[in-house]
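In what follows, structures are represented as structure tokens.
Both of the next two complexes hold chain A, though its partner changes from chain B to chain C.
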Partner chain A sequence: MTALQGEGYAVDYNADTGTIRITGILRLGGIIEYQPISELLENSIAAHPALTLDLSGLEFLNSSGIATLSKFVITARNHQGCAITIRGSSSVPWQGKSLNNLKRLMPDLTLTFD
Partner chain B sequence: MRHTSISFRISLIVTIAILSGIVISGVQIWSLRQTLYAEREHKLRDMVDGALKLIESFDEKAKDGTLPLDKAQTDAKAAIRALRWGNGEYYGVYQTDGVTLVHANPKFEGVNRLDARDPNGTLIVAKLIDTAQKGGGLVRYMVPRGTNDANQTPMSKMAYAAPYPAWNWVIQTGVYIDDINDALWRQFLLIGSAELIVLLITGALAVQIARSVTRPVKNLVDAIGAIDPAHPGQWTCPPVTKDELGQIIVSVDGLTHAFQSVLEQRDQAQNENARLGAELDVSRRMQQILLPSSAELVATDGLDIAAYMEPATEVGGDYYDILRHAGGVRIGIGDVTGHGLESGMIMLMTQCAMRTLLTSKRDDLVGEINIINTTLYENIRRMGCGKNLSLALLDYKAPPADLNGAKGALTISGQHEYVIIARQDGRLETIDTENLGFPIGLVEDIAAFVDHMTMPLYCGDVVILYTDGITEAASEDNRLYGLDKLAHIAIESRSGSAEAIKDAIIADVKRHMGNAVLYDDLTLVVLKQL
Partner chain C sequence: MTTEQYGDFQDIPSRLNGHVESLDLSFWTSSIPLKQRWRNNGLSADFLGDYVTTFFPLDESDSATKIRQAEIRSAVSYIANELLENAMKFSADSAGIPVSMRMYLLGNQIMLMESNGANIEQAAKLQTFIQQILSEDPYELYFRKMEEKATASAESGSGLGLLTMINDYGAKLAWRLESVENAVYVSTQVNLVI
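Moving on, here comes the complex of A and B:
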């Protein structure tokens, strides 16, 4: 089901499989505008210790979005016993370095590139 | 018609309607009059015909010898004298020479009244005889009621006169027609008063209708005339009626508000453009204002330095600095995400933090990167913009004794683009800085991710530092310039001065771009070990 959506992007949350899928182009203005996505991510990790974040369809994410993901990974790192999988796409330019940096923030994180 | 007022047009309709009413009533009255006269004429003719039959019957008796002629004529006169019809109407019989033979007034009988005139001067008897002798017909004249009593007022009378040629007689009977005129007059008064009532009602209605149209139209025209061109939406909208005019008012109201919103949008766009233009100017100035001067780049300490920065149309967040200090040269290069005022501010804060740390003589690149990160992280959090930057700090020093033959040592820390080293002998080294740091300002503590490495520099070695504006410069067909081309031109041009190498690289990048738009700042720093 679609949990959040806006101009050019959609955030789907599958509560059964514990998968959050973000697609499109995300260029919200500032950290505050990312608050709803931030809350969705943090509520999901509380409900699903084994969470999959599928970003393979996210063509662009601005710096505020990358900051939001980084904060989420730090929060997740502080949760006991959670296992996060991030799925990226090697054909999307922004993801290479940024997702690797997330992995460096949380070495237990599983990072896969389609 | 279009050049006349609405009131005039409405009154024209009313006038035409009333005139038509008058014409139709006139025709009706005229037609009634004709009918009444025709009925009278018909009656008169019938009555005269009947009397002629009577005379004829006496003539028959004279002809067949039953009666002598004079007896027959005397009897005939007596018989006709006794005849009355209608409202006591009588017959008159005359000889063609004018002598009255029969009349209701016995004084007239036996008298020649050829010269008898009515008040209008009509020769009554003469005209009756004349008309009869022409075959019969109507004669009109004035005569008092009763038996031609001169004391009474003469009234209009219509008579029919016909000849009886065998006896040289003329017979007539007449009827007063003043009642016809009375009837017509009554009819005229009736229709006239009805017309007058209709005239008053339609006139009053027409005035009301004209007012109900012209007044709101005038109000609307006045309201439109009073519209302030600068604020059309603030016009005084007249009350909206439920007719066509109401629709016009609603349309005009919609139009003024549409104009208003277009004006507001235009003003907003102008304000926004002015604001963005001002912000762009400030950002561009910010980026340039703290760049090292060319005097600071003059070669000393065995290192030849050249630098280039070209801001994109929408100034990006590139940053570089070269600071000389007692122990050597400190070089910083970075790229703040996004563009605009906030990126410029972050750039300035980075520069200031870097110089402050250099001034404090810590001489610890890893520690400095950590401090810069924490400082900027807190400030960026205040700004709420979520920006971050890549930043590499490099420190050039005289080599430690164990670096055999090296003329200098370059220590690198922080995550940025590759550091390209074109060795004097043509070998190429590309140093991945990913594991030497972490994006600055993204997370509070990056101590765990920051590292450093030291590279020896030998005579003629060239070090290339750049931002992604160089490697991602797109050609007209959208191919990126790329790391390989940059490394290749660095090797190719390595024998020249730092300035010459810089010029060669920029020329190559520009050649690649052709006429393509520059979307990101181009920053290039060339170091050459002398």
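Moving on, here comes the complex of A and C:
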């Protein structure tokens, strides 16, 4: 089901499979505007032993969005007990440039590229 | 402060003798509400990204050119958007200087140069950050800031956008800060070698 959406993007949350899928183009104005997405991500950590964040359909993300993802990964790392998988796409250029940084923040993270 | 330069700031006019392509966008940040203006950042950045692909045409028989074109478009769009977002956040129209974004194609180099007016306080903050970028490993600085940001309350102006340009896109950054009446004329150059 679609949990959040705005101009050009949607966030779907499947509680049964523990999957959050973000699609479209995300250029929100600063960490504050990312707060609803941030809360959805961080609240899911405690609710699932394993969580998949599917970004393969996320064509663009600004640096505030990258900071939001990093904060989520750091929270998951510090929480422990929730295995994180991030799915990217090799045909979306920014992901090949920036997603690997998340792995450094959380070495246990599984990062895959379709 | 009179004029300070950081990094390898290039004097564009001296390089314009040759055959150079450029695009120039300018606007006043206060002419429409920030919320509407913010949307314009993305449109302008995507336009610059699309425009630059003209100079890196597709070779249908070579799939590598398609990947390369997509990467150049994405890099220009990302960098231009970050520069414009920073300009919206940290410029002062009261300085009487519009925000301008110029893109130059200089051989195997794409240069994005963003200029804006800033008040003295904004300029001082930027200067502190520039000195940090130039004196520390930008990669280590990036991760340290991410860790700080994850535990501290939301703050803006941590320079993560500039750091990702350097770390993720291999861009070279340079700045010029020029004192004008009670304000500072700030120019940021981002160079991408392609």
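Keep in mind that, in the parts below, the second predicted complex is superposed on the first by the 114 of 114 C-alpha atoms of A that agree within 3 Å, B and C clash if a C-alpha of one lies under 4 Å from a C-alpha of the other, contacts with A are read in each partner's own complex, and residues count from 1 in each chain.
The working rule: a residue touches a chain if its C-beta (ideal position, glycine included) is under 8 Å from a C-beta of that chain, and two chains touch if they have at least 3 such contacts.
Just so you know, these numbers come straight off a predicted model, no measurement behind them.
Novice: Consider chain A as the common anchor and indicate whether chain B and chain C clash or fit when overlaid.
Specialist: clash
Novice: For A:L111, select first, second, both or neither according to whether it touches chain B, chain C, the two together, or no partner.
Specialist: A:L111 contacts neither chain B nor chain C.
Novice: Thinking of the overlay built on chain A, is A:A83 touched by chain B (first), by chain C (second), by both, or by neither?
Specialist: A:A83 contacts neither chain B nor chain C.
Novice: Does chain A have more residues touched by chain B or by chain C?
Specialist: C
Novice: Classify the contacts of A:L4 with the two partner chains as first (chain B alone), second (chain C alone), both, or neither.
Specialist: A:L4 sits against neither chain B nor chain C.
Novice: A:F60 contacts which: chain B (first), chain C (second), both, neither?
Specialist: Only chain C; A:F60 stays clear of chain B.
Novice: What is the contact status of A:G30 with respect to chain B (first) and chain C (second): first, second, both, or neither?
Specialist: Both partners, chain B and chain C.
Novice: Does chain B (first) or chain C (second) touch A:W94, or do both, or does neither?
Specialist: second
Novice: Is A:T75 in contact with chain B, with chain C, with both, or with neither (first, second, both, neither)?
Specialist: second
Novice: Which of the stretches 309-317, 399-407, 453-461 or 489-497 of chain B runs into chain C once the two complexes are superposed on chain A?
Specialist: Of the candidate stretches of chain B, chain C runs into 309-317.
Novice: Common interface residues of chain A with chain B and chain C?
Specialist: The overlap between the chain B and chain C interfaces on chain A comprises residues 30-32, 62-64, 66-67, 70-71, 74, 97, 101, 104-105.
Novice: Once bound in the complex, which stretches of chain B touch chain A?
Specialist: Touching chain A: residues 337-338, 384-388, 415, 434, 438-439, 442-443, 449 of chain B.
Novice: Give every residue of chain C touching chain A within the complex, in rising order.
Specialist: It is residues 34-35, 38-39, 41-42, 70-71, 73-75, 77-78, 81-82, 85, 89, 142-143, 146-147, 149-150, 154-156, 158, 160-161, 164, 167-169 of chain C that touch chain A.
Novice: Would you mind writing out the residues of chain A in touch with chain B in their complex?
Specialist: Touch list, chain A to chain B: 30-32, 34, 62-68, 70-71, 74, 97, 100-101, 104-105.
Novice: Which residues, counting only chain A, touch chain C once they are in their complex?
Specialist: 7, 25, 27, 29-32, 35, 60, 62-64, 66-67, 70-71, 74-75, 91-94, 97-98, 101, 104-105
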